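Listed after this line are the structures, all set down as structure tokens.
Shared between the two complexes below is chain A, which pairs with chain B and chain C, respectively.
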Partner chain A sequence: MTISELRLLSKRKLYLRSVFLLLAVLPVVGGLLYGLAYSLGLAGALSSGFTLQHWQDVLASGAFLHALAYSVYIALSAILVATSAALFLTLYFKKSLRQGAMSYLLYLPLTIPALVMGFLVFQLLTKSGLASRVVFGLGWIADLQDFPSLVHDSWGFGIILAHVLMAVPFLTLLFHAIYREQNLDQLQQVSENLGAGQSHFVRRIAIPTILTTAAPNLLLYFIFVLGSYEVPLLIGSQQHQMVSVLAVQKFHRFNLLDIPQGYAISVAFTLFVLLLLSISLKKLQRHG
Partner chain B sequence: MGRKILTAILATAILLPFLFFGMLSVGQAWFYPSVLPQRFTLANWQELLAGQSELQVSLLLSVILGLGVAILSTVAGFVISREIARAKYKNRWLLLAYWPFVLSPVVLAILVQRFFLLTGMSGEVIGVLLGQLILAFPFAVIFFQSFWSHEVLQLEQQSQTLGATAVYTLQKVLLPLARPLLLICFFQTFLISWFEYGLTQFIGVGKVKTLPILVFKYVNEANSSHAALASLLIMLPPALLLWTNKKFIFRGI
Partner chain C sequence: MLTIENLHKTYHTHTVLHQVTLELPLGQVLAVLGRSGCGKTTLLKTVAGLLVPDAGSINWAGASMEAAPPRNREMVYLSQEPLLFPHLSVFENIAYGLRVRKEAEVQAKVERMLQELELQEHAQKKPAQLSGGQRQRVAFGRAIIFLPRVLLLDEPFASLDAQTRASMQQLFLRLARKYSITALFVTHDVKEALLIGDRFAYMAAGKLRIYTSGEAFMEDPTTGVRDELAFWNSINHKITNLP
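Now for the complex of A and B:
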């Protein structure tokens, strides 16, 4: 290779890596730095020099910590329920998942985005929704007011259900793929030859293998639910807000002084997620 | 018997959203406590097919945005993932590609919106396209890492050692090998754009009305039949893709 060809190659390398940094890294890093500067009073229309006031306001009001705790509760509940349901489906329907109608049908819910799932749960579970009409028809309630509040409720039932409905097909397909990749059918035969029963195989071999292999995916899904926006926006309660909804609300208010707080919440949430990820991934690597 | 009943319940639950939205999109006068609407009409669907309806414009905009995002991110992702696969600190570069996915899209939108405001791209289609690329492009880079295996990189080197030009190697060796993955990546990045709401709403400031934006608008207006129709329009193309090939929607581990 001649010197000019080598130069051209290194120029190309530099150019391609710059494009990568520009498109994938700069928006996140630049946005984070700008958000941090704004929340510290160093940028923005109302900036008046370095101040910790906005961070103090955010932490003192308790709204952020409350929203964070509520988001963790929603994400944990959704992942726990969805994982249990997906484990059951994977182990109970392992043959039908390999071939037959179920192997196709289970992909269908993946075509439903979060916003549409939120709308669906609203239409099904609101006081005048389909479920209420059905139980009214069955004579179980006498009036629509008798139907329990399952959306816009403070326990976040609707939000959790929407996320469970989205997560179960995805996790089932994932667990099924792991089941096949890890040759669990063969392991079951070996364990049976050694005298272990079906339930022993499920408890001691199948579930631990699937959960250990899927742990990084479960962690990422947990983070996805933690930062969810569309579902709580549509069917969340007024009393309790998830972090993304709270952050956006700060930007949509007429008070310009709320904007630095919105940035502070966004930066704090990002740092929380990064911290959570780095601790969890280190732990997973240690046990992996 | 129990398994059959459970399968039937599961199949009904999976098909319910499609049937229910289908019913809502053609139903009129759905008063409590009736389980079914009193009248059925195809007016909403006809509105979609005839004239310049809001839904039609939105559908077209979503398709154009989706195609733009898919083409740009697949091409750029393919080229740049090769560069990263050959990099000395490959894993460090890859870790950077995961960053946008750590954040909630709407939090990401909050953080980058200033850039779009300053460049005048806020509220513009080009701004939303660029915003969606922030998610779709790193996805494509990560996606193609599985393609650039040691064998493929060696094959590329062998082809060039035997005298083939870079363009010839790309045309005759790499593209035929990568074709199935290019297709999957194209459809999956299309779906990232097709489903996106938070970033689109924030950068588009409600002016760039893609289908998800319209669903939310109709829900807010309590126009459930239009919201159901818009939801079906979002769900049906990926369902059709699924019918063609499951891998277009979900790629197992």
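Now for the complex of A and C:
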């Protein structure tokens, strides 16, 4: 390759980088800076100069911290349950995942949007829903109203279930791919040959290998659930709100003075996610 | 003593092992020479219990291994690929067989083995941080640390460069003598077979021929030893006749 060709190549790379920055990074950083300025009273229709009042209001009310803790609880529960289910399917239904109906059926829930999944869970678990009617039909409850509250409940059962249903196929496909890529079938033979039983291999080799390899993806999925909006809006509790629902409520309120608080919540949540990402990725790199 | 009698194995209509019979006394290394696809890997995997033979018997010290699953046979198969556990350190990879057996003094035993393998300073590294030769040494240490009955080596050094391969062959010889390892060592390299083996065999089309002595092995034209010797003699001749 000649020097002029090399120069042309490096110029092209520079252009591509600039286009990437312009399309992907700039809107996000710009939005974040605008949100920060809005929350500090430096932007917006009702801005009256720099103030920390909106941030003080958000932190003093405790609503943000409560919503953040609730979001972490929902995301952790959903990821824990989904990971366990996906591990079980990957480790004990290997053949079915490679061929047969299950390998196709697994893709089906991936095509369902979050809003539709929330609606399906609502139809399934509400007091007048499908599960309630089945249980009533079996004579286990005397009235449909006796069916436990599994949507709009404080524990977020419905939200967790909806996210688990969406996450399990994705994680199963991911774990299955890791299983093959990491040669776990052959490692199982090695483990057995060295004297270990099936359960020892699963506990000491298969699960740690899959989880270590999948850790960055699990972290990203955790963050995705943490910031989810449609599902908690549809089947979440009135008492406990996830962060996105709380922020959007602030934006949509009649009182325009609440909008800076909405921005403060969004910026604080973004900073929390960035902090979580940087700490976790550093740890993962150290152990990787 | 390892005794194999009339071992037979077919895949569909293709016979891979044809009435294989051999006896291997304790502490001896049988070098099995053969080309790719001659049935060497199938033989080793069948002995390890990873494949089920269609007929024949495998006995250790007179006891049948037929009903023994691979994990109870203590006949360790070592392939060309080191197949180390990727998330475990070098130390933990080597300790695996000891931990499975809940043996005592794991720390001391592994440290001794690391010293033998000259891998002390790599003890806490992950397999991805090692070179090909180092990985193969870890796999070798992991296989012999709990002193298995038989070591089944399937061209273990084939993917290594010539220099690393030579040092691994020396390491194997040293440890095989020190721990009195009983081993079936499969290779397609004539020199390696001659260097490693106490006894010699040649495998072709699923049939195993055992030689009564090293000389008989070298004399047989089918093994290719004579061709190899002739080649090196001709090279030697050329060098000595250089002006």
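Here, the second predicted complex is superposed on the first by the 269 of 288 C-alpha atoms of A that agree within 3 Å, B and C clash if a C-alpha of one lies under 4 Å from a C-alpha of the other, contacts with A are read in each partner's own complex, and residues count from 1 in each chain.
FYI, a contact is a pair of C-beta atoms (placed from the backbone, for glycine too) under 8 Å apart; a residue touches a chain by one contact, two chains touch by 3 or more.
Fair warning: this is a prediction, and the values are worked out from it, not measured in the lab.
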Request  = Judging by the criteria at the top, classify the pair chain B and chain C on chain A as clash or fit.
outcome  = fit
Ask   = For A:Asn193, is the partner it touches chain B (first), chain C (second), both, or none of the two (neither)?
value = second
Task = Classify the contacts of A:Phe251 with the two partner chains as first (chain B alone), second (chain C alone), both, or neither.
result = first
Ask   = Among the partners chain B and chain C, which is in contact with a greater number of residues of chain A?
value = B
Task = Report for A:Ala69: first if it touches chain B alone, second if chain C alone, otherwise both or neither.
result = neither
Inquiry  = Quick check on the superposed pair: does A:Pro208 touch chain B, chain C, both, or neither? Answer first, second, both or neither.
reply    = second
Remark   = Distance floor for C-alpha atoms, chain B against chain C, superposed on A, in Å, equals 17
Inquiry  = So chain A touches chain B in one structure and chain C in the other; where do those two contact lists coincide?
reply    = none
Remark   = In the complex, the residues of chain C that touch chain A are 48-50, 69-72, 74-77, 81, 83, 85-87, 96-97, 100-101, 142-143, 146
Query = Which of the residues in chain B come into contact with chain A in the complex?
reply = 3, 6-7, 10-11, 14-15, 17-18, 20-21, 24, 32-35, 76, 79-80, 83-84, 87, 93, 96-97, 99-108, 110-112, 114-115, 133-134, 137-138, 141, 194-195, 197-198, 202, 212, 215-216, 219, 224, 227-228, 231, 234-235, 238-239, 242, 246, 249-250, 252-253
Remark   = Listed in rising order, chain A residues that touch chain B in their complex are 13, 16-17, 19-21, 23-25, 27-32, 34-35, 89, 92-93, 96, 101-102, 104-116, 119-120, 122-124, 128, 130, 132-134, 136-137, 144, 169-170, 173-174, 177-178, 181, 213, 217, 220, 223, 226-230, 233-234, 243-244, 247-248, 251, 262-263, 266-267, 269-270, 273-274, 277
Key: Complex contacts: residues of chain A adjacent to chain C   = 182-183, 186-187, 189-197, 200, 205, 208-209, 212
